[in-house]
């Protein structure tokens, strides 16, 4: 489903990605881990089209999308949950989701008011992520955990075939982490999911395969069990994190 | 175009560029430090010119105005920054809007005080003659403008590179928040920078007054030109102001001579092009604030 | 209930000259109100950009003036005083101009967008100034005829006023429909988080461009009315002063609201036209009021009203 080949990305003198190649099958759940600065967010930004690689290519569903812009990738079924929430803060949660739902049809109907069915659809999506009772609340009035839930709702509302989750559990309490992990685990198996995570429990719970990034390069790629046993990975990364 | 005319126009272009540098340096400085596009910059320029008018009308001393006018405008800047701009710290767009309001007030008050006619002041004593340049007569005052501007640029460069204030300004242009975190008094730095920028605008007003006259609406012209210079040359740096002025001055002058119908449009086109292709300007190095 | 109130206000507005006929300064009041409505149209169009889409434009008068010139010149060149000719010309020219400028301007955002729009508007000003054969240059275009429509000649001040009032109400209606539509909601999303809009699949560049053109076209309508009202078009109509006037109106009234720009336009025009008969420093007052609002009441009059209403309800 997703194929990245020899992705390189430099920012002036700093090389963020140094030849990253990976291949993610449709329906697969891949976790990408690595210490801070390993290039995970840069990789995501390239996959979503917000950044262009200095060299290398990206294929989505067999199509070369290396120079495609974010909205074009979104229209090809790519959805993203950002590490730092990208929500519509002053708008109600319901309207946040509604904007996502309306994206498919396109916005160029200047005299058409939002359909009445839309409210139910938005509420249904909020229900799915456990925010049904907060539908009318402003996004900025929600708690951190609720905002992450809303962030996930926005990604899901686009009915994507590929879901990119950038540290979905960042800053969450154990209870919130458990809830969102459960939500993701329960997602349809036809969805391809790529997760960047620091929380190893979440990784081992959700991932089919794990790719380890370090200093812009892939240093290991395998099942969670294999990765756990890999000495190099342990040295570089897992050793520094309390297992 | 004959060689004499060419030389004359070239000198005109350079002296106009010299004036533009003085005008734009302040704007660039304020933007570089505070991320504020000071849309009152033209009004400050205008204020400098009108103060010069008052001084020359009363004492006949242009050279006195050369010191007093920038000081007056700088003082105004020193008052306005903490009074108004500081309250909007972090709200860059609102700060820009604020400067619009300030410019309206200054322009109107000046019009009320001095009347809406065009005023002119004579060239200062000693500089009101012409000299022979490459076989043609050329006004000495314009050569003075060039020389003064070069000297000023030199002085600013020295301050920029060799003094503590300059170091703070360089650091502040780079990352004001970091300076704040390091314990530097940002409030004082900002108000001083704003005052310096304003004073430079006022100084430009003094220098320009004998050549361009003093009249309502001069603030808009000056603002537009200084915006163009700063955008073209590079927001936030003095060398950018030099580059921008060096390009816009001669371009405007030659444009008016060669295609008078489109001269103005030409300058704007250059600005728009630079903004699109190199948004930080030819020599600029500044993050684009929202 | 709201609809009834709105209808009543609309009726009062259109019939203003009639029920104020007994007033001593009836003619003057009608003229002032007429000019307020024209400015309100410009402000409403600007707010679509500034308040709804979050694109702060300081060059919107370019489209207002373009519309004014287009209406006047079309009437002249085509030898027709038909209202539709003028309005169509105004909207078309303003929209095309907005498209051309917008293609460049929307690539920038925030303060850079502000400066670009300012620069482009000044370019338009320069062209209007130079192309004296077409626009009359610094002298402007005088002798613009009042329009006719379906046999009605809008020559007299009352008739012209009613034309302006009706068009104003039309613009308000259109603005209202746009703001509450899915398109308007998308523009609001653009304002709040452009990055997220892109990630959701919206082509934000095209969205911004469309808003720019719609707003420009709307401003063009205001320009045409201005040409008819004043019977005169000048470079002032495309100048930075007019752009600032519109921006100040939007901010003072309250960005992002429907009546905010209208109220703001009324306040601004009052300060500029009615106040000077009592005090000589009207522009200063305008500048000070603007500064005060930017610093202390950024949400504008409508915002302040909403807040105090909310406070009272608690």
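Going in written order, the chains are labelled A, B and C, and every chain counts its residues from 1.
Operating definition for what follows: a contact is a pair of C-beta atoms (placed from the backbone, for glycine too) under 8 Å apart; a residue touches a chain by one contact, two chains touch by 3 or more.
All values derive from a computational prediction rather than experimental measurement.
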#### Entry: Most widely separated chain from chain B, with each centre as the mean of CA atoms
A
#### Entry: Per-chain CA centroid nearest to the all-protein CA mean
C
### Approximate Å spacing (C-alpha centroids) for the pair chain B, chain C
32
## Note on the structure
Expressed in whole Å, how far the mean CA point of chain A lies from that of chain B is 48
## Note on the structure
So, in whole Å, the Cα centroid of chain A is separated from that of chain C by 43
### Message
Multi-chain contacts only, two chains or more: what residues does chain C have there?
### Response
none
### Residue ranges of chain B in contact with chain C within the complex
37, 84, 87-88, 92-94, 96-98, 100-105, 107-109, 111-112, 220, 224, 227-228, 231, 261-262, 264-265, 268-269, 271-272, 275-276, 279, 288-290
### Task
Flag every residue of chain A that touches chain C in the complex, lowest number first.
48, 50, 69-71, 74-75, 79-80, 82, 86-91, 95, 98-100, 102-105, 107-114, 154, 158
### Task
Provide the residue numbers of chain C that touch chain A in the complex, in ascending order.
177-178, 180-189, 192-193, 195-204, 207, 210, 214
#### Entry: Interface residues, chain C side, partner chain B - complex
56, 104, 107-112, 114-116, 118-120, 122-123, 126-127, 129-130, 240, 244, 247-248, 251, 280-284, 286-288, 290-291, 294-295, 298
